[in-house]
Structures are given as structure tokens and as C-alpha cells.
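Chain IDs A, B and C follow the sequence of writing; residue 1 opens each chain.
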Amino acid sequence: MGLLGKNLFAGMAVTARNFVGSYFDGGRKERLVTYQYPEERMPLPENSRTFPFLVYDEDKDPVGTMRCVACKICEVECPPQCIYIVMDRDEKGKPRQRPKVFDIDISVCMQCQICVEVCPFEAIKMDNDYEKSQYGRFDDLVEHLPDLLKSNDYYRQIKPTEAGAVDAKLKAEKEKKAKKAAPAVVPKPVPAALAPKPAAAAAAKIAIPDDAPFTPEQRQWLSGFLSALGAGVAVPSKSVAEASASAPAEADASAAASAPAAEAPAGDWPWHDAGMGMQQRMDLVKDRSFADKLMAAMAQTDCHACGYDCRGYADAIAAGSENDLSLCLPGEAETESMLKKLMQEAGKV
Amino acid sequence: MEKLYQLLDGCKWLANVPDSLLSAVAIVVPILLIITVFPGIFAYTTLIERKALGRVQNRYGPNRVGRWGILQPIADGVKLLTKEDIVPRKADKFVHLLAPILAVIPSLLLFAVLPVGPGLVPVDLHIGILFVFAISTASVLALFMGGWASRNKFSLLGAMRAVAQVVSYEVPMVLAAVAVVMAAGTLSTVGIVAKQSGGFLSVTNWFVFQPWGFVGFVLFTIGAMAESARTPFDIPEAESEIIAGYHTEYSGFKFALFQLGEYLAAIAMAGITVTMFLGGYNGPGVGLKYIGPLIGVGWFFAKLMTIILVIIWIRGTWPRIRVDQLMAFAWKVLLPMSILNIVAVGLWHYMESKLWAWLVTAAWLLIWAIVLTKIGTAQNVERRTYRYAT
Amino acid sequence: MNAAFWILSAMSLIGALLAISLRNLVHCVLSLILFFLGIAGHYFLLRADFLGAVQILIYIGAVAVLILFAIMLTRNVTGTEGPRELFGLGWWTGLGTALIVAAVVWVTVDSAPQAATRSPGQAVSSVEQIGKSLLNQWVVPLEVLGVLLTAALIGAVVIALEEVVRRR
């Protein structure tokens, strides 16, 4: 029987079973596959992503513990250029390593995740929140820093495997850094990033704690030295104080080391532009000192991925205290090969 | 209506009201009841249909508007009322307006001969069943006018197909009803229901338990589903068909009127099925003294809703029939079957022993059903020859 | 004569007049349907309820649909024609035919023996009586009608079949 047959009734039995089964708890879960939005939401797979957010580590101080250091790598790498970052600076103009303004225009963002891939500090990650509708088309769709900050617990909740991997990596890095710092009593020199703003290096008296073990002459020299170095650095830590206590002994060495820094004040670094290409930067630095050339080879973002800012890393390489040439993360292989070339030319490899 | 008049007449001693007022009330009250009850059933049938189809299709039906979607029909009504009424520019405005009205009026008129309870029929027409069929052929016009007035070739095609379908399925439907009329000996709906009363628990006398009644029931139900263009015969109005068929160019309340007309026709035809085959208001307890009529009304609506639920169930299960399969089915299977059904009724009527009559008619109908379905639905598909294939 | 008679007569006459004078052919058919409804009402008034129902069933449900199909398949979509001339040949022919038909009807009705004596308000024939007389007294015309309808059906099928054969 072509058209008619018992299958007609078999079909009706199937639909009847579907209908009746959907009312009882056993069948309801497997038959009614609707997610009653907005009361229930579909659980999203871990890889799903919508727009970026910034991770902070501790709830009690989100702004203070956020991982972003405003290195602007993501701003540079973003294909539709939807990120706008302004570094937070203190009263003296010295950059605090965190953004004051971090805007992402989500009407432009194409969710390519490139900002996540290039961030050296695991600071920006992709969220999977899709309920971002606003009434306006322009300003309402720009997300600012307070909206973007979300805790590491939230990150761990939405992407457990990824967050676990990130946490493990950060912990390993911290341990490596601690191991590297422990044997060497001499820490890295106080970042010469203070140098770029000579105008801010006014005679600001630095308060050295009273229980620091200095003689009055040492104390006087120390306060003068630190004030000359610039503003914004509180010096409570003992190790730095100890190091600085031995600083007069090495004053010549450090003076020599910072001589190149004193030679070229910050305003005089025309190559210090993250948007400039390598060739252009090297052209600008043709007749300058060796440390300047080394600095021009860096990525110019002052991101502190290497542990210094760009000037400090160049100075450290020039002084010989830093041998690892591959630390410049934004610069990647280009910076490393240029540094190698410069070092070879200078005969210092 | 007669009963109401008698009831009011009995209360005449309360106040001295003139006869004309009594007859006016006796006429108006059933009309008001029909106009409120059956469109209410229509509204909630749409909701039940959507929810039932949803459950069958592994989803919830509408459940946002009220708890369980109770207010959904009201929301739909408000939406359709507030929509812009678009009439195509060169369309025939008068006919465009008349078509949905002509779709609703026959459907509403059909309820006038439906006996919902003992003595509870608005009009006890001498020619009840004939009236039903006369009115339902008048609804064919509405389909045609809807398609014509839209000045849209596709609407016209849809209308033609719809008219062909409706007219084709009317014939076996009417012939199936003729079998019942022959057995009951009267065209009046009240008489047909009265013929099915009595018996054990007021159930066994239903015509559906006789072989010719069962076949007639099946034929009539198929015809009723095709008349109101329900799946599997919903080519005129299916979503994937020629846009929307004859009601493409209708928006807002005119569209609502078409839907109202179609569903009311389906409900009315279901009611006629109940009357003719399932014993109308007969059921256990209908013979009781004072609450008998109420129980009868309850049984009538229970059976009506059962048939409507079966129609909805079929809608959720079976695929749509192609238009040529549809016509073949009507003319090659249903029509011969209905004629043979009439022969079976004749046999049954003239045999003395009712048991033998039952067996003989059952055998006759079974054999012919098998033969006809084998022959009528056979498709002689030849192997295709491709003229330009290499 | 009660009000129903006058209303129904008015409806029939208006329907008939509009059916011959409207410009749009589909509107003409619709007014023809109005006319049929009026006649059906007259049948109900004369207590010939079977005939009235059958009038609706056949004339409105079948004949009017047939006319609409014919219009639709042979005319342009709007159904309007050019202007028809007044007092032309067609007009005189129609008038003549109408007069002849009216004369025939008058003579027939006048000579029918029962028309004057039957008083209105009595049920003249019920379905049962019609059925009985069809199968007893008028059985030969019934069978002839059946043969005629069968011939028409077969003819329609043959015409449709021929086209299909020719097309192939």
C-alpha cells in the first residue's frame, strides 16, 4: 500500500509517546530541549568567546591587582583598532604600570582574540557574556575600565582549563623569578624609567624610614641620591636600602652605568615610539651611543615584560648585567636578532 | 430554542410578558450563546493546538503570555486587530472585503443545527443535514473570491487548488452522510441523535459501532479535514506552499476572519461528525431526570474536544499529501468507498438478523477497502528515459 | 403577504438587475448569487425546504462556482470589458428572448390546475415524499438523468484525457 498503511498509526504512536512523555519528569529532560531564556541559559562550551575583559587577581583591590600593565601591545595588534589605552601616571608623571583608561569599542571588536594571544601578562582574556545590548549605537557600546575588570575567580569559572593553565604558568614564572632573585643580593638597578621625566625630578625629599641602619652621612647622601633619581619611588624595602647603602661604594660604577642615561634625557629619544618600524628607529639612532642603539632595537612599549623598561633593558645589556637578549616580548625575533647583531658589531658577544 | 421558549413560557406566571418578547428572547439567547461559546472554543483550540504541537515536536508551546500561555489567543487577537489593513492597489476592493466575511458566515451558520444536549438545539430543522451541506458549499465561494480579489497570480493558483480540493472531498463526505441518513430515516440532526440513544449505557447504539458507520465515520472525518484544509490536506494554506494561497494578500483582521472561518468550519464539522456517528450528546447518564441535559452537554463537548484533539494529533504526525495524490485519493478511493458504503447500509437495513447483517457488511466493506486502496493509490511510475543523456 | 416576501423579492430583483448591468463580470456573478439566495428564500417561504436547500447547494455551491471558473479561465484578470452599446443588436435580441420566455411561463402557470387552489402555509412536500415519488412515479426520468450525468462526466474525462494524450 503506497499511501496508506499501518505506518500511519505507528507514526501516531510515536507522536503520542512524545506528547505524553513530555509531561512526566523522566521524559521531560530528554524531550523538551528548549532553554527557557531568560530564566535558563544554555551552558556555553569553554571555547566560546564574545568580547575581551581584563583579569584582576584579588577582589579587595581590583584596580591594584589587575594584571594589565598598559603596555599597549593589544592596542597595537588589534586589527580593527578597537582598544584605546592611556597609562596611569602619578603626580610626578611617572607611569604606574597600569592603565588609567582602557576602552574597548565592542561595536568594532571582531572577537578575533588576537589581543589575548599577544598579551605577555595574561591580563586580557575573552569573556563569553553575550548580553551586551544597549540602547545607543555609539557611546553606549564602548566598554570602559570598570566594566572590563573581572576577577580571576570569574575567569576560572567560565574557562576552567584555560584559567588553570594560566594560573600554573604564572605560578611557575613567579617561582622562577623568585629563584633568580634569591641568590643575587644585588637586585636589578632601580629602574631608570625615572629618567625620562627630568622635569619631574624636582628636589622632592624622600623619607627614609627611621629604623633603617644608616649613619647620618649615609642617610644624607642617600636621600640626595634618591631625590636626584626622581619622584614617586618610596624606598621602604630593606634590600633596596642595603643595595643603596652599598651604592656609594659603587657610585662610580652606577654613575658610569647611568652615565649614558644621564647623557640622553627622555625628551631626546625620537625613536621611542611604539608605532615606528625597526628600520626607521635604527635610522634615527645612527649616530648615537651604543646603549641608545640597543634601546632603539626594543619594541618601545615600556611594557616591563623583560623586567625593565626599554631604557633600563638597554642599559643593562650595555652594562653587561643582562645577558639574555630574548626578553623583549613585543619585539619578538626581530628585536632579538637586531640586538644580537648590535652586540656582535660591538664585539661584545 | 424550542425548549427555551417552553421554559420561558412556563415561567410566564412570574410576570406578564408578551409572547413576542418571549420569542425574541428565545431566539436571541441561543444566538448569543453560539457567538460567545464557539469562537471561545476556537480561540482556545488555537492555543491547545500550538501547545500540543509543540509538545509533540519536542518544545514547549507558547508559555510567555499568561501562565501556560492562557492569554495567548487574546494577545493574538489584539495583534491582528491593530495591524494595518493592506489592500493591493488594483484589487477589487469590494470583493476583497466580502471574501473573509463570506468565509465566516457559513461556518457560524453551521452551529444552528448542532444538538448540544437533549432538546438543546438552536433550530430543529426538518432538513438539518442538507442544510449543513448546502451551507458548507457556500463557503467554497469565499476561497475563490479571496484568491481572485487579491489580483495576484499565485493567490489565484492557490485558490483554484483550494476550490478543487474542497469540491472533490465534498462528494464522499456527503455520500457518507447519506448512509447515516438512510439508517436513521430522517435528515434532521435531532432525529439522528435520537436514533442513537438507548442501548447499554447509551453507548452501544452509536452508529460508529456498526461497520458501515465506522467506514462512514472514517470517510466523513477525512472529508472534514480536507474541507477545512487541515494537514495532511493543507496545501492551500501550508507555510511552504504557494506563499499563503488564497489568503496571501490579507492582513490584520481580515486574515483573522479567514482563520476564524476555517477553524470554525473544522469545529462545526467535528460537531456534525459527533452528531452523526458518535451519538451526539448520548453517553452514560444522559437519561437522568434533571441533570441529564447537563450531562448530555458535557458528553457532547467531551466528544467534540476528542475529535479536535485527534485532528490536531494527525496534524502533528502525518506529512502533507501532494495535490495529485490528494485528487487521486478523493476520486479513486473515497468516492467508490462511499458508494459501496451506501450499498452496505442497504444490505444491513434489509437483513433480519442483526448479527448476520453486521458480519456480512463488515466483510463486504473490508474486502472493498483493501481492493480500493491497492488499486486507487497505485502509482504507475515508469522508468525515466532521458532524451539528451549520453 | 408578509414582510419576508417583499424583502426576498426585492433582493432577487435587485440581484437580477445588477447581474445584467454591472461592468465587472465577477460583480455580476456575485449579484447573481444574491438572486439565487433570494429564490432559495422564496422556496423556504413556500415551505419547500428541501428545494430551497438544494437550490443553495446546487446553484450557489456548484453553478456559481462553475461560472466563476469559466470567467477566470477565459477573461482577463479584472473581468471588465469594453463599453457595451445601448439599443444595439444584442439588446434587442435579449429583450425578445425575455418576452418569449415570459410568455411561455405565463401560459404554463395559468394552465396548471393546482396553482390556484393550493393555499400557502401548508407543507407541500417533504423529503420523504419527494424520495418516494422519485423512485415510484418518476423513476424513469431519474434513471435517464443518471445516465445523462454519467455521460457528461465521461465526456469531461475524455476531453481532459485527450489533451493529455495530444500533449504527449
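Basically, a contact is a pair of C-beta atoms (placed from the backbone, for glycine too) under 8 Å apart; a residue touches a chain by one contact, two chains touch by 3 or more.
Remember, predicted model here, so these are calculated numbers, not experimental data.
Ranked by how close its mean Cα position lies to the mean of all protein Cα atoms, the top chain is B.
In this assembly, the chain whose C-alpha centre lies farthest from chain A is C.
Rounded to whole angstrom units, the spacing between the C-alpha centres of chain B and chain C is 28. Averaging Cα coordinates per chain places chain A and chain B 73 Å apart.
Computed from the mean C-alpha positions, the centre of chain A lies at a distance of 92 Å from the centre of chain C.
Contact residues on chain C toward chain B in their complex (touch as defined above): 24, 26-27, 30, 33, 49-50, 53-54, 56-57, 60-62, 64-65, 68-69, 72, 77-78, 126-127. The touching residues of chain B, when paired with chain A in their complex, are 52, 55-60, 63, 313-314, 316-318, 321, 325, 329, 373-374, 377-379. Taken together, the chain A residues at the contact with chain B in this complex read 1-4, 8, 11-12, 14-16, 18-19, 22-23, 31-34, 36. By the touch criterion stated above, chain B contacts chain C in their complex at residues 90, 92, 94-95, 98, 125-127, 130-131, 133-135, 137-138, 140-141, 144-145, 148, 151, 156, 160, 163, 167, 187.
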